[in-house]
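The following pair of complexes shares a single chain, chain A, combined with chain B in the former and chain C in the latter.
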Partner chain A sequence: MKAIDWITQVLEMAVALAAAPAFLGWLNQCRAWLQNRRAPSLWLPYRNLRKLFHKEAVIAENASPLFRVAPYVVFGTMVLAAGIIPSMGTRLPLVVSADAIALVGLFAAARMFMTLAAMDVGTAFGTLGARREMMVGFLAEPALLMVIFVASLISSSTALPVITGHLASGHLGLSPSLAFSAVAFILVLLAENARIPVDNPATHLELTMIHEAMVLEYSARHLALMEWAAQLKLFNYVCIGFALFFPWGVAVGRFGPEQLLVAIPALAVKLAAAGFALALIETISAKMRVMRIPEFLGTAFLFAVLGLLVHVLLRA
Partner chain B sequence: MPLRRWWDRAQAVAGAPGVRGLRADREEWLLAARDVAASGGALQALWVSVASGAVLQTTVCGAYLTDRGVLVIELALPAGGDPDYPGLQGIFPAASRLQRAASDLSGARSSDPDTRPWLSHARPYEFIRVDGEGVHEIAVGPVHAGTIEPGHFRFSVVGEKVLRLEERFGYVHKGLERRFTELPILQGHRLAARVSGDSAVAFSWAYCQALEGMSGCAVPRRAAWLRGACLELERLANHLGDLGALGNDAGFAFGLAQFSRLKEDLLRAVAAAFGRRYLFDTVVPGGTAVDLPAEAARALTEAVRAVCIETAELRGIYEEHEGVRDRFTGTGRLQPDLAARLGVLGLAGRASGQARDARVDLPCAPYTEVPVAKVVQQGGDVAARVAVRFEEAQEAGRLLERLLSKLPEGGHTATVDTPADGAFGVGLIEGWRGPVLVALQAGPEGSIRRCHPHDPSWQNWPALEYAILGNIVPDFPLINKSFNLSYSGADL
Partner chain C sequence: MLWLPHPVITTSPSLLTGCVALLCGWVLVGLAGLLRPGSVRFAGRTLFTLGAVLGLGLAALAGASLLSGGIERLTLPVGLPELPLHLRLDPLSSLFLLLLGASSFGISVFAGGYFREGEGALPGLLCLQYHLFLASMGGVLLANDAYGFLVAWEVMALSSYFLVTTQHRIPEIRRAGFLYLLMAHVGALCLLLCFGVLQGGSWLFTFHAMRAAHLSPGWAAVAFLLALVGFGAKAGLVPLHVWLPEAHPAAPSPVSALMSGVMLKTAVYGMLRVGLDLLGRPVWWWGLAPLILGLFTVFYGVLFAAVQTDMKRLLAYSSVENIGIVFAGIGLTIVFAGSGMKAVAALALLATLYHCLNHSFMKSLLFLGTGSVLHATGERNLGRLGGLIHRMPWVAWLTLIGTLAIAGLPPLNGFVSEWLLLQSFLFAGRLPHPFVNLLIPMGMALLVLAAALAGYVMVKFYGIIFLGQPREASLVRAHDCGLLERFGLLWLALGCLALGLFPLQVIRALGAVTGQLIGAVVPQGSPHWWLLAPVPARPVSYGPLVFLTATVAVVLLTALVVRLTYRQRVRRGPAWDCGFGAVTARMQDTAEGFGQPIRHLFQPFFEIERELPEPADREPRYRIAIRERIWRLIYEPISGAVGRLANTAARVQQGRISVYLLYSFATLLLLLAVALIS
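And now, the complex of A and B:
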């Protein structure tokens, strides 16, 4: 392990923590522009977090310790996940501890704590949100695993840096199997991060919420951690997408500081493009009925399986 | 025709055209209601008035919409009756809440079995429970996550499917009817405009119509045309706001942004023309508060035309957008026969095949000279209510074009004399939500003895309980918005 590897590791996690709110801010800006509205400030998510950290926390009388612990667990999980996704360099010391399947497990653990905490207080909306979240989760996880398996088969490894390294050294352009997987991954990303058309992050209608309904009972620093964790989750998913499908600019192999200096602006450009693309998808689509979500995620799974078949049958 | 004997017996009532009234006894009260129902009529309003004098006289009044006109039936109640009068719930389901509200306000009780309070929250309230495996309740409100009026909704659900919805209102009861009696009769229109703020023109016009009828005031032609323009502007503005909100509730924020902009453009044009964005206190007894110079009328026409052109374009987007269409079609369906049984009024009624529009059926000036095309849809779902809104918005635009371009010459006000003590009048105006009725009785020396403002939301709120059945919980906000009923107007 060289010093540069540890620098990359720390840098990746620090960038994720710092840039996740900005990415959401950028996404919201693009959405506002596309809807002919005046955009909110890019820094609004940061101001919101600062405001929440300065507030006094109010907790329901019948909340168990789980309710207080959950935000820290969820947030911690997302930071750890940020550490094993190769967003800038592939030689990450933490990676030996977890591969891509463990990463899916990390997200599942966060989901479990979040839903348990939502049901903990016993309000109708928390339970409603938790129930819907579990439905989304158990449909999205297999699709996500399938997507990862396609990439794993191509590069013969389930470790994300190896996959990224293999794909980045290859030819520029998506192979047909990866193209199918990419479509599946975008669908999973939208569902897992409570974006339109599955959930509406901007809604104030408590009966229609999924993610928002689960955090309704949180306030102040707990809510701040939950929101920051949600921003990190979106950031992580986008970075997984880059790692699997657009690994260009990531420092691979035995790299020095100069490759790392290239990786940072490359990530920024990719994030900006991804934010705009997501905003475009959200603007042109309406929120679908909750009963359509299985269909939506079933389509994602189907695309992932098609990707797998294309790889196995056509070696493409 | 059984209805005919009641109609022929009834005397003309001052105010809106085609209103007649008669006094009935207890048997006739029920008989007349049955005959109205048999002839396809609907209950428009029901209220109880208590006249304080040497003898305390309590009277229950029912106003029915029939194909001949509005029939107002009065039943004087003897002191100490128990129950006080025969209930109409079995004939007109909408009567139940009206009777319970009247009981809360006056103490006069009907014979119907449901004796739970309605406006009053002093006594505990029992919701009807649904039993069965996996059934649970979701209680929503009266405080909501968004900035809306307060109301409580109790859902009984299995999974996401709604088995039953029960509403509970009265959180914004302000004592409006009592407040009316403290005002001079020539000032009451200002309070009437505030019964439900989104129908300010409809309520203040209905009030003025009743008052002017009682005092025999002839409203100048120009004033009537200006009032018509105000009413159509109110309709257009509300429809634009609703169409945007409906898009937003389907997760299509583009629709909200566009329609909000159009509504704002319209409101600014209205403010430039009349000096008020929402046209409060524009309709005053005897005419209108302000005149509209030719220059301003032209500018307003231009603004309305621009709004209507863009609305037509947006309709194309709404209808062709797959996601929006999927959310609207088939959601919250209220079948025409059920709508007829429940007596659903106004916009929601017309979306379920109930072809009633007071501007067409009982036209007052200016609608006698500028005929309105009735918009009726049979679907009864959210898509049908959206379609009615789009078509009525275009129709409002067409009416405004005619009203504003051919404004008659002359003054816009007339003097209104104080009506005689005991005089009674009824105003009926088709507001954007449906027919708005104001029953007004004059007291001595220019006071108000009794004023009952009636919003069509009374009839339509119970229909929402049926429209949601079998739908999923997250579709409720969309269905609710497609009705967009008033809490304030029905809480009095």
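And now, the complex of A and C:
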């Protein structure tokens, strides 16, 4: 392990922490422009977090310790996840201990704590949100794993940096199995991050809300951590997408500081493009009914399985 | 790839003798219960704790045998004349004995604090049945001939039948017990036939002779299928699982834990013993049956677990799911081993064995947790529980470990076996059979889907019992469990943690078993003791200790930074609930409500009977009952046919002596005619 590896490791987590709110701000700006509205400031998510951190926290009388621990666990897992995804460099010391399956497990752990915390106070909205979140999760999680497995089979490893390194080496053309997985991945990304058409982050309407229903009982610093964790999750998912489908600009192999310096602007450009693309998808699609979500995610799962089958068939 | 040397056969069977002595100790402890059968203090507290210590001793001996990797044999001159009892301790039986000893330690300690007056049967009688059950499971694992095996198998079935029907005054429990006994005997019949085929004309029923027997491919396949049905009925493979969701809830919780955590594994042991040891080198296509059935069982079990409203039934269906994972692993092992891919076969077998160990710890933990809840509240129905984390913090927090483990979350133990199984699916390489090559990714997809659904089930299980507001006023009086019970739960929870955090050490111990059955061990591809890297050719690794340390460090750091930077206090207030006010416990999701999306999505799997209120009802009632379609499709036609057959046969029984004399006369004439013709 060289010093540069540890620097990359810390840098990735720090950049994720710092840039995740900005990415959400950028996405919201793009969406506003596309919808002919005046855009809010790019820094609005930061101001929100700052405001929340400075408030006095109110928690429900019957909340258990689990309720107070959950925001820290959810936030911590998301920060750790940022350290496993090779967004800038592929030589990450943490990655030998946690491959892509463990990464999905990490997301699942965050989801589990979040839903349990939502059920803890025992309000109608909390349990409703938890139930819907699990309904999204039980299809999105396997779909994500299947997407990762296609890439794992192509590069014969389940470690994300190895996959990225292999795909970035560029001597394979656009494989049809990866194309299927890319479609599946976009659907999963929208669903997992509570974006339109699955959830609407802008409303508190009981007919539709999923994520917001779960964090209703949180306030102040707990809510800030939950919100920040949600922004980190979106950031992480987009970075997984880059790692699997657009591994350009990422420092691979034995790299020095100069490659890392290239990787940062490359990531920024990719994030800007991805934010615009996501805003475009959200603008041109409408919110679905809740019971239609399983069909949406079932499609994603089937696409991912199809990608896997195509890979096996073409290889044979 | 490492090749193991031929296992050493020791002449002085010291470990085996020790194991036999401990099993006899269990029987004696059980009999001692009859000295003062009515005393909870003596039969409950003292004897169960003593039995637990014997279990720990058994685990230690089995562990030593597993690490040495040797084989010990012993012939005891008991039983019928000319038929001595053959016993054998090899890595496979050591592993399952270790599982039996280690998890029964926790369960017995818990049981010591659990049984009290009014459980139905007398404590002394329970003690006898319980320890006979334990000893018979040990007997199944040690037997080296078909007689001994089947005798122990039957003792196991009967003792557990009596344990299931502890509260025999309740008609449903008697019915559940009957169903269990019936299925156990259908299975035992298949095993009897299986051993009959396995002896291959030599009429020697020792396992040694069966290994040496040469069966034609057709008969070998028949033996394998009979074993699959026989052991599958005991393990709960769909469609032979029907007794499981009835018998597990009926039994007292330590017994449910023992049945689900340990007894189901004896069936897995039997399957491995017959399929990979006695039958010699398996044929690859045999593996398809357990693989496909196992995958179907996984999916079926988890779907039904998601819609249950009784907490112990939910766990029983979850056991069905986990048994499905184990059988899928066995199937995969056989497919690989039969195709000559020893390295991947060893990996698949390793994942299977690991999952057996994991499941015995986590499922026992959860069943014991529900036992404590049942004692504290008297409720098994999820719809009448809630908020118990405040009243029963010990049970709640220890059960949380089991919940997270069985949901397959890193860095706990459930994740390790799933990780290993997925790796063996992923890097199966190319099999020489195109159809199977396509089946394997689909199986993987099904497995992953079921694993995610297991998360759903566990959120429902934990959230509805322990979180939220109490759904009944009486729950406020619930109390936490006693000291012995806490210790039992703690032991199992620590087992889950240890199995999750030190996979490498476990795998090294399991190497002797894969070496014995497959002839290959899973190598350690990394130089670190904390890093699991089972596929040496590929950069694939997982380090749970680092994972846990990093998670804890990041979480603690976050908490520290937040605390130091923002020293705002926390105020308690009424729940906000989007400003609706007047939040009552009735507004929370019930178990039915939480399972509704699954019920809606997978409707064709369920037979649903709904009772909906009319708009004008003064006292609206909503009721929903979910049954398995298997009853109507398979079991009711069979039981109907058996009934009709019995009625037809009953016509022969007239009850008049002249008619019976006529029968004898006709038989005599028929026999004479046969004798004349031949």
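As a convention for this text, the second predicted complex is superposed on the first by the 309 of 316 C-alpha atoms of A that agree within 3 Å, B and C clash if a C-alpha of one lies under 4 Å from a C-alpha of the other, contacts with A are read in each partner's own complex, and residues count from 1 in each chain.
Keep in mind that, in the parts below, a residue touches a chain if its C-beta (ideal position, glycine included) is under 8 Å from a C-beta of that chain, and two chains touch if they have at least 3 such contacts.
Bear in mind the structure is a predicted one, so any value in this text is a computation, not a measurement.
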**Item:** First, second, both or neither for A:His204, with chain B first and chain C second
**Value:** both
**Request:** Return first, second, both or neither, reflecting whether A:Ile196 touches chain B, chain C, both chains, or no partner chain.
**Result:** first
**Request:** Please indicate which partner A:Glu227 is in contact with in the superposed arrangement: first for chain B, second for chain C, both, or neither.
**Result:** neither
**Fill in**
Of chain B and chain C, the partner touching more residues of chain A is C
**Request:** Pick one for A:Arg31: touches chain B only (first), chain C only (second), both, or neither.
**Result:** first
**Message:** Once chain A of both complexes is superposed, is A:Ile59 in touch with chain B (first), chain C (second), both, or neither?
**Reply:** second
**Asked** Of the two partner chains, chain B (first) and chain C (second), which one does A:Leu128 touch, if any: first, second, both, or neither?
**Response** both
**Message:** Tell me the contact category for A:Met291 with respect to chain B and chain C: first, second, both or neither.
**Reply:** both
**Prompt:** Is there a shared patch on chain A that both chain B and chain C touch, and which residues make it up?
**Reply:** 124-125, 128, 204, 206, 216, 291
**Request:** Name, in rising order, each residue of chain A that touches chain B in their complex.
**Result:** 31, 34-37, 124-125, 128, 196-197, 200, 202-208, 216, 283-292
**Item:** Complex interface listing, chain B residues touching chain A
**Value:** 136-140, 144-147, 160, 247, 249-254, 257-258, 261, 321, 323-324, 326-327, 472-477
**Message:** If we count contacts the way the header does, which residues on chain A are in touch with chain C in the complex?
**Reply:** 53-64, 66, 68, 72-73, 75-77, 79-80, 83, 94, 96-99, 101-102, 105-106, 108-109, 111-112, 115-116, 119-128, 130-132, 134-135, 137-139, 141-142, 145-146, 149, 152-153, 156-159, 162, 204, 206, 216-217, 220-221, 225, 291, 294, 301, 304-305, 308-309, 312-313, 315-316
**Item:** Interfacial residue positions of chain C with respect to chain A in the complex
**Value:** 386-387, 389-390, 400, 404, 407-410, 415, 419, 422-423, 426-427, 430, 434, 437-438, 440-442, 444-445, 448-449, 451-453, 455-456, 458-460, 462-464, 467-469, 526, 531, 538-547, 550-551, 554-555, 557-559, 562, 565-566, 568-578, 580, 583, 585, 587-589, 593-594, 596-597, 600-601
